[in-house]
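The structure under discussion appears below in the form of structure tokens.
A, B and C are the chain letters, set down in written order, and residue numbers restart from 1 in every chain.
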Amino acid sequence: MADSKRPALELRGITKKFGSVVANDRVDFDVYPGEVHALLGENGAGKSTLVSVLYGLYTPTEGEIVVDGRPVTIDSPATAIGLGIGMVHQHFMLVPVMTVAENIVLGQEPSRGGGVIDMRAARARVRELSERYGLAVDPDATIEDVTVGAQQRVEILRALYRGARILVLDEPTAVLTAQEVQELIEVLHRLKRDGTGIVFISHKLGEVLQVADRITVLRHGRKIDTVPRQGATEQSLARLVVGRDVLLSVEKGPPHAAEPMLVVDDLHVRDDRDLEAVRGASLSVRGGEIVAIAGVDGNGQQELVEAITGLRAPTAGRVLVDGRDITGRGVRAATEAGVAHIAEDRHRRGLVLAFTLAENLALREYRRPEFSRGGWLRIGHMRSRAKRLLREYDVRGGGADAYAASLSGGNQQKVAIAREIASDPKLLVAHQPTRGLDVGAIEFVHRRLIEERDRGRAVLLVSLEYEEVRSLADRILVIYEGRIVGEFAPDASEEELGIAMTGAGAGARS
Amino acid sequence: MNTVEDGTQGDVLAGEEVAHGATPSTHARLTAYVRRGGVIVPILTAIIAFVVGGLVVLVTGHNPFSTYRAIFNGTGLNWLFPWVGGAARKTAAFDLQQTLIATTPLILVGLAVAFAFRAGLFNIGGQGQYTVGGIVAVWIGSSFAGMPAVPHIALAVVGAGAAGAAWAGIAGALKATVGANEVISTIMLNWIAIWGGVYLFGLGGPLQDPHQPSVPVSSTVKASAKLPVFWGNAQLQGLHIGLFIALAGVVLFWILLNRTRLGYEVRAVGLNPDAASYAGISPARNYFRVMAICGMFAGVAAAMDILGWKFNLFTNDIQASQVGFLGIAVALLGRNTAVGTIAAALLFGALQTGTSDRFLDPSVFDPNLASNLTLMIQGLIVLLVSTDVIALRVLRSGRGVAVALGRRGKRQEPRA
Amino acid sequence: MSVGTLTATPSRLAAPRQLGIAGLVLAIVAWVITLPPALVRSPAPSIVVAVVAIAAGSAALAGRQRRLGYGAIALALLAVAGAVADTRAGVGHLKVVFTWSVLVAAMLRYATPLLFAALGGIISERSGVINIGLEGMMLIGAFFGIWGADVLHSWVLGCLVAIASGGLLALVHAIFSIHLRADQVVSGTAVNFLALGITGYFFIAHYGPNGTPSRVSQVPNVKLPLIQHVGFFGGAIGNTNLLTWIALLLVPGLSLFLFRTRWGLRLRAVGEKPRAADTVGLPVLRTRYVAVVASGMLAALGGAYLSVAFVGSFNQDMTEGRGFIALAAVIFGKWRPAGALAATLLFGFSSALADRLPTFSQTAATLFQALPYLLTLIAVAGIIGRSRAPASVGIPYVKE
């Protein structure tokens, strides 16, 4: 278990400010060799900032870092690596076109002279590490051809190759299947036995309880408490994380389901790399119900949503909205058929930050006669409608002529949602609608979606957040490798869903 | 609570698209700087460029002040000072006419580049579009003898605009269909246009003036196609009405961008192509339309020059002309806006006149040197405009910009 | 991340890719047989070969090899046109124009400056920085090369001065693009203006109306002792400039550097995914600075070749867009030195041909001048249109 001698790493009183914003406020944190210390907290609690400080990406405003008993200054990743700190990032830091071996040795390439890389030695070392810790990889495979789970193994190997004695894992399970999560836990056990100290960052309470020896909770940049795993429960942790008793579900009545508004029939869609991402998905959503699509990221959700909303043409199959076939006919056809789309990333797809709110609110409907006639814009109309919508959705931060960029994240999402719902759609597609939002904004979005459902709209929710899916959906569809592999009621257990998400019992559980 | 993200929002400059991994387009960035620094910034940028130019002049042993004064005297801008009178006023008037003659095409090629920037494209092809427009303008202008003036001029202008639009449209279509980078394709089209022109009007070329078989020049524009002069003496090349056509172009530019559906789509694509396609606006189709409109502006610019004062086209002219490239400096200095384009075009028009060998006193400064000096200043302006950081720092609003620049590109949700 | 597998289209004959390449080769053959030394005087054989080429191209199309397929078909059609033109032209004319050894020598001469600049462009783009300013860097090297050779009485020093000037200009581009995070295309364009202005200004200020003096020290040719007198090879490569040899040797050298050494790996990582490179401790910004300055130096050396080795003097805007052709060669060659070599040789060949055509037809010669640009346009649009640039090229890197 934990080596009770000196901690391998200590962060003492770390404070990090960005201007007037305090991201970390006098945080203490330490890791002993051979233990897993979890760092838990909501989005925005300060977890990523803390480890960025540790990895040399930020310099702390105050506080000190002590490694093996000696105070150190970490001013760059290179320094951190030199001190034996390795990091496995949430968004992988691998070069897609290079091979596994090349990525692992990058920066410390073995060479027999003249700078020419000795690839044989590199491969051998990779294999050696791979066997030792149970991290199966093919050294000559290109990163972009390899699964997400394998990519993570490469990230870990990269840190180990550089002699990491302290390994930081930032939300490692966000993109893994249930089986891959178990494999990762195995790897962590082996690393622990070897004396490596592990920092495990997560916001998933269940996993943290499975993996950690100690758990530190951050909230609003401050350390709330450090507790041992013994005696901790999901409820006790949740209370620490949020600061109040958390309602794990939203109040909602039963659905009044009507006619099918959306019918997707044997849909095949190819992704940007011309690989089949959706391979024969079929589903239907009735008016007055919320259907959620759950699954591990990368199983075709994105392409499915794009096909339904008209952003991407399927290669086969049909998409029918209220009986109208809009397959492959583009966004305009979908909009005219009554499809509204709350996009995955409001800055990329939802809003034009340099447009005014009035212009943004007209973004999907500017072609309608109310807003433009014969090629000319009717600006007065746009503005008056905008004023009405901003009032109705209680958007703070600016009026119809304010620039979208000057609003906060939550208010921007309100604008995006206002726009979509105001077009009186038959089908509302919400793709990760609460990503990056604070708790208050999330509550607003959830309430609104249920309101729209109660008004008789069909709602298709695509989300990676298990809790969101559970609390909002009337039916849960699981997508795996481009197919709908199971339908569940909202009270299905995480285990049932998890099994479906990995391909209907394909993975063996211990 | 996303403390860091919320903290960022207030400092993000309006117009900076802080999208995941995407950098703001040139225009988005310029918009941001405009909101921060107003009109002072471009003025400051120009001043800095002139100062550096002055240093170069100093290094080669000339007096920068007298050099700049000599250049200024040639521009005719001193006509605007009411205390200048008598003979000096008459010279200034003439000089000013020449300046405005030079400004006219610059306004239009400036629009040709600015419109593209607004759509997120870089139109380096102004020179080629100008050349092609000029070829058509001179061909129509020198044909159709006996046509009355108004239709003849109109035909030539429309033809030139159409030719420029078609030429630019090639690049636009390539970008729309196969995603070919418009920078490379327009650069190539520039050279193809130039060599095409040399071929057409060269010795033995199909459009060479049959009355001057030993001179590589086009036929001369007929009197009916010449633009009427409204200020100054037509015989001495006074100011022609092309200026009004250019100003009309500016109005058209503004209306297109701000009051039409097309303009809305163009601006959306230019500021956030992902949001635009999400709304059903096809960036590809817009690229084609935008390039065509830009080409039209450039082609009309050439018509102004041909029908206004050149009246024919030498192959030398075709190869030596830099108008299209000046358009880039004009657009950038003018921040891709309507009013800015006019002001910037006036500056460069004045520089061009002031440094030409007709107006610059060679004893003070060699005109050949001066035209190269202009090129350097032009380069400096484009360079400085590309960041505007220096000018803004001088203004000491740099702090806000520095913060925003430091935030830009950061992972959008710092999962703290 | 792979959710699906690439659905393979079964092909009944040979692999479609091979067929496409075969189509291209056959199309070239169709044209070449009407030229000396084969000098087939009837277009019929060419047409037959071209038809086979088209068939091969169509087969490639069916196998989803769109670019190769269309390329082969287009080339075959052009080849037929060329063959018909050749069979209509006089044998004497053909022999004069297509004296292969002279053509090859000229091809090398035209290709050399392009090759230097293209290799520089590859280094810069591989590190993630677009360098539109290659043209300006070439020009500044051309001027300062000959100025240095004149003032310091040595071509070696002249070349060194050129390299230094190119490096300095590139440093300006680097500072604005990397440090101040300007739009790289705008910054590159500005550099071109600056170079035009600076070289013109100092040229006139220093040399006045007379231009550069004659008999400035020039880079010598390398006379290969034995080969020099042997027929084709003697004419082609027996008397080639030293800088040309250096450029040719740089090709395998740069290839080795990029794909086999540590620094090459790191450079490529910085250009593909700078954040990944940063997290393993590589100095992203410094790497890019070095790459851009190196590209400026190489481009300047290419420019110096023009003035110090080839022409022996300088005139304003001497480079006439060669820097842009070099950029096209980078893209043509898919950011690989060997590819750039092939592209520059092709462009050099077309320029060499354009040179010899005035004996045939003056106006055709003028049109031929436009050929490299046209070829590039077609390349950017068609065959090579979708090749993959280094993933982060053009995107400024922001350290957190």
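The rule we apply is simple: a residue touches a chain if its C-beta (ideal position, glycine included) is under 8 Å from a C-beta of that chain, and two chains touch if they have at least 3 such contacts.
Note that the coordinates shown come from a computational prediction; the quantities given were computed from them, not determined experimentally.
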{"item": "Most remote chain, CA-based centroid, reference being chain B", "value": "A"}
{"item": "Pair with more cross-chain C-beta pairs in contact, given A-C and B-C", "value": "B-C"}
{"item": "Chain A and chain C: spacing of chain centres that average the CA atoms, whole Å", "value": "44"}
{"item": "Distance between the centres, which are taken as Cα means, of chain C and chain B, whole angstrom", "value": "30"}
{"item": "Touching two or more other chains - residues of chain A", "value": "52"}
{"item": "For chain C, residues that touch 2 or more chains besides their own", "value": "400"}
{"item": "Multi-partner residues of chain B (at least 2 other chains)", "value": "411"}
{"item": "Chain C to chain B touching residues, read off their complex", "value": "132, 172, 176, 180-183, 185-187, 189-198, 200-202, 204-205, 321, 324, 327-328, 331, 362-363, 366-367, 369-370, 373-374, 376-377, 380-382, 385-386, 395-398, 400"}
{"item": "Chain A - residues contacting chain B, complex", "value": "18-23, 41-50, 52, 90-91, 170-171, 220-221, 310-311, 330-332, 335, 341, 343, 345, 347-355, 359, 363-364, 366-367, 372, 375-377, 379, 403, 405-409, 435-439"}
{"item": "Chain A residues within the chain C interface of the complex", "value": "52, 55, 57-58, 76-79, 81, 87, 89, 93-98, 102-103, 106-107, 109, 111, 114-117, 144-148, 151, 158, 162, 271, 274-277, 279, 298-300, 481-482"}
{"item": "Partner chain A, residues of chain C touching it in the complex", "value": "1-7, 256, 260-263, 265-266, 268-269, 272-273, 275-282, 388, 391, 400"}
{"item": "Contacting residues of chain B [partner chain C, same complex]", "value": "21, 23, 26, 29, 56, 60, 122, 124, 174, 178-181, 183-185, 187-189, 191-192, 195-196, 198-199, 202-205, 325, 328-329, 332, 366, 368-369, 371-383, 385-387, 389-390, 405-406, 408-411"}
